[in-house]
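Paired with subunit B in one complex and with subunit C in the other, subunit A is shared by the two complexes that follow.
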Partner chain A sequence: MAKITSLNDLRKIKDELQQKIRLRENADSPEAMVQIRVGMATSGIASGAKEVFIFLVDELEKRNVDAVVTQTGDMGYSYAEPTIEVILPGKDPVVFGWVDVEKADEIIEKYIRGGELVEGIIPANYNTIDD
Partner chain B sequence: MKEICENIIDIVNNSIVAGATKIEIEIGEEVAGDVLRISIKDNGKGIEPDQLQRISDPFFTSKAKRRIGMGTSLLKFHAELTGGEFSIQSEQGKGTRVDVRLGLTHIDRQPLGDLSGTLNMLLISNPEIHFIYHQYTDKGSFSFDSAEISDALGGLRLNHPEVRVVLNEFIQNNLDTLISDNGQM
Partner chain C sequence: MANYKYHLLVCGGTGCKASESDRIVNMLNNEIRENGLSSDAKVVTTGCFGFCEKGPIVKVLPDNTFYTRVTPEDSKEIVMEHLVKGRRVERLLYVDPETKKHITDSKHMGFYQKQIRIALRNCGFIDPENIDEAISRDAYIALGNVLAGMTPEETCNVVKESGLRGRGGGGFPTGLKWEITRKSQADQKYVVCNADEGDPGAFMDRSILEGDPHAVLEAMAICGWAIGATKGLIYIRAEYPLAIKRLKIAIDQAMEYGLLGKDIFGSGFDFEIELRYGAGAFVCGEETALIHSMEGSRGEPTFKPPFPSVEGYLGKPTNVNNVETFANIPVIFNKGAKWFASIGTERSKGTKVFALAGKINNVGLIEVPMGTTLREVIFEIGGGIKDGKAFKAVQTGGPSGGCLTQKHLDTPIEYDTLIEAGSMMGSGGMIVMDEDDCMVSVAKYYLDFTVEESCGKCSPCRIGNKRLHEMLETITKGEGTMETLDKLKTLSHVIKDTSLCGLGQTAPNPVLSTMDNFWEEYLEHVEGHKCRAGSCKSLMQYIIIPENCVGCTACARNCPVNCISGERKQLHVIDQTVCIKCGTCMEKCKFNAIEIV
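For the complex of A and B:
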């Protein structure tokens, strides 16, 4: 495929993309997706939350895990940054602290794919500090 | 913060918290003037005048539940460390504009970092926000408008995994054309 550098290039691959997305969305309902929120306030960013965010998005895609990864504000656990909240379909949210790339890898393999709890869980009683 | 990109994410997060629906980011490398310029402009609720005066104070924040706000003070510190400056203008109900000037070749200037990953992350994390991006160097310029991208893709969600891969390639290919001969940015 030619390099994608312009809006015209994006228009050319629109149909192919739409086809891929239709196939995927027919197979999975949104409720069946894993939801992950990465704490990206100043303390989270300074602790490496961006690398964790990008790793999660890339690896979940590579490992065929249907997930939505989004950023959120301060969860109130600056001492444990980077922090992420994971919601498995039908389960309560679980917040993990001290998440680097290695820990994120373990969370994907053990918790998300295997349903096994891993170290670093923080009680999920926070409110995002946006106000 | 190890990279300027991380400061950009932080400032953009402030815009999002301020309710912005449109955020414009501009990064400019001016070799002749030895300057790296960054500006971030939003249409959020703006900052109250008394808060604006204290915005770079690390022990001030507009947040009610936590009394420390390091984001803008860190960026100001980094800018001034390189002989540059930080300024912020805001009008309540209209929005806020942050302008940063850094010494391009100053030894204490942080690298820009993973700009492609940063832009991709902002787009997929905030598909409802209209992002306008512009970057220029002595090699040329690159701009995108998230609404135009979405339109070109037939209204597909920008945070869809399939779209994300394409977006990343689109941004990276264009950013690669802007790297200066001296490897700046």
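For the complex of A and C:
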């Protein structure tokens, strides 16, 4: 290990290291971030939810969006798999259906970063999502 | 660098290690590898989560899923279900004792809702054996700032403004102590961390050292700068092997990075830390005894003054602080003295860590803002009394403290209010008692401890406390009189006033506080020869209820001392003078004809 010889050194190292526990920090205050849930019941996985999940985690990181991406079970919209639910800070949850990697890319760019709605929103009855 | 999608935090505190958290970590890692998830999920061993009652704990992030009572065999299911399929493993979730519902998310657990974590901020969050994780949570930033831009005097002032008071029991203002030590002139001074933690049932300090050792090391270095010391010593009991191991790793890593050692941050300031081991005598936690023990002489207290801040280790000015006191320091510098002082009450600032134990649902480690009431701690965070029994008392302050009752439940927890109520903050042990606990026996239990731990140097403590113990013994045997009660009180006051050190001065507190708050129980023992809790054996009687006895002889045949007499099909009687209260007769009687009065 190299010696840390100044406060600036330490700050630089800290900023780099912080990336590694970003996931834990964010999980601690999810209200302040973009929260995304990907429906990953068996049918969701079969229809490509796993790829969407991995794409979201990697891309949000690359594009510097502070977000918490979690998996969840069946969302109750099996006709529209894969489905994802997005909660922007202070906003109501919005559910998107038939999400593939391309669609996910559009959701990140347009809805999450730009705040515009995109095609594919399905009427939310989000009470059923959690249980 | 791989970008993990999941972090699995596994508690590696002493309690959870005992229940195989190491194996859980190994098996989780195996499963993750086998399922090709090595670049997606990372397993991290952390310090204590505090929720020891339900350990071992595995917390999955980012969704904050909180699995309790996990066994190594559950690892496969957690990986297959949660990580692969995205479904929580329902049967391992925490069940809310009131609603009986599964709680998926630690944010919704009553146990965590009222807590604010300052001293425990990294416990259960980072891997304590990896300095990088500590650095990513700001470790050593406060030290860097202090060395770069503050004079020792300014450093002391920040601590003074924060209002921080010692967490080791006495509650002495920390900033003031630092300033006194700073002003003492000497060629060498010392910073000592008191990690002796001798209160029965306490494990706050151990958990901090196991979960976040760098916080304590950094704080000691800041203290060194503030008072003008280049050497720090941690006095830790040898029974804390895991804490010792993690401290050693932390010191080595900090030395390697140059965050301890010579010329820290190029400031010219040197600071080194060594460990010293104690044999686990309670009195060695007292600061003068602790210093003597470190010097290689007997761990006996000496009269103060001189205080250690003037004349301590090897006769040099020495600043002694408790582990938890130190753990608050880096946060105070990072977030500001004002921020810290805004938490808590007028005269007690910040938070306090407590080890909840006894007849309470959520046994474990908690940290609450000063001013939280006992009711909130016991019923909201602690989840209430076990088995639906009635609350009777809560003991705070360990062997130096006292028992508080129903009428104190809404008392805010502060140094001064607890003393007014007849107890004290102490180091943070909190033992909850229910209707089955006899308060005279509780007082006796603490006296057992202090008599055993007295160093014997001065007679009020050595002889006096033994007498108190004997009198309590007499009372629990039903042989006490009103005179015994009088003597008990008078002698208690004498011991308090004349003992040399804190051990003797506070030893009678459990007696006095139970006499104050549960006087009627003492009276019942001496006048009615009764123990309402049914815990003093000598005061119980097994008697046969004539209406129910059919004369089956089962009791008589099984009594080990043959003290039950009666003919077949006739009423039986117990000879109370011979009965040893073993309870066999009651077990054997099929007709519910034997009861305890």
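One rule holds for everything that comes next: the second predicted complex is superposed on the first by the 96 of 131 C-alpha atoms of A that agree within 3 Å, B and C clash if a C-alpha of one lies under 4 Å from a C-alpha of the other, contacts with A are read in each partner's own complex, and residues count from 1 in each chain.
The working rule: a contact is a pair of C-beta atoms (placed from the backbone, for glycine too) under 8 Å apart; a residue touches a chain by one contact, two chains touch by 3 or more.
Please read these numbers as outputs of a predicted model, since none were measured by experiment.
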Partner chain in contact with A:Ile54 - subunit B first, subunit C second, else both or neither: both
Contacts of A:Ile121 with subunit B and subunit C, given as first, second, both or neither: neither
Intersection of the subunit A residues that touch subunit B with those that touch subunit C: 3-5, 7, 10-11, 13-14, 17-18, 20-21, 24, 40-42, 45, 53-54, 57, 61, 68-71, 73, 130
Partner subunit A, residues of subunit C touching it in the complex: 1, 3-7, 9, 40, 61-64, 85-88, 104, 125-126, 132-133, 135-138, 140-141, 144-145, 147-148, 253, 256-259, 265-266
Of all residues in subunit A, those that touch subunit B in their complex: 3-5, 7-11, 13-14, 17-18, 20-21, 24, 40-43, 45-46, 50, 53-54, 57, 61, 68-71, 73-74, 76, 127, 129-131
Contact set on subunit A toward subunit C in their complex: 1, 3-7, 10-11, 13-14, 17-21, 23-24, 26-27, 30, 38-42, 44-45, 49, 53-54, 57-58, 61, 68-73, 130
Subunit A-touching residues of subunit B, taken from the complex the two chains share: 1-2, 5-6, 9-10, 13, 17, 63-66, 69-71, 74, 114, 117-118, 120-121, 124-126, 148-149, 152-154, 156, 159-166, 169-170, 173-174
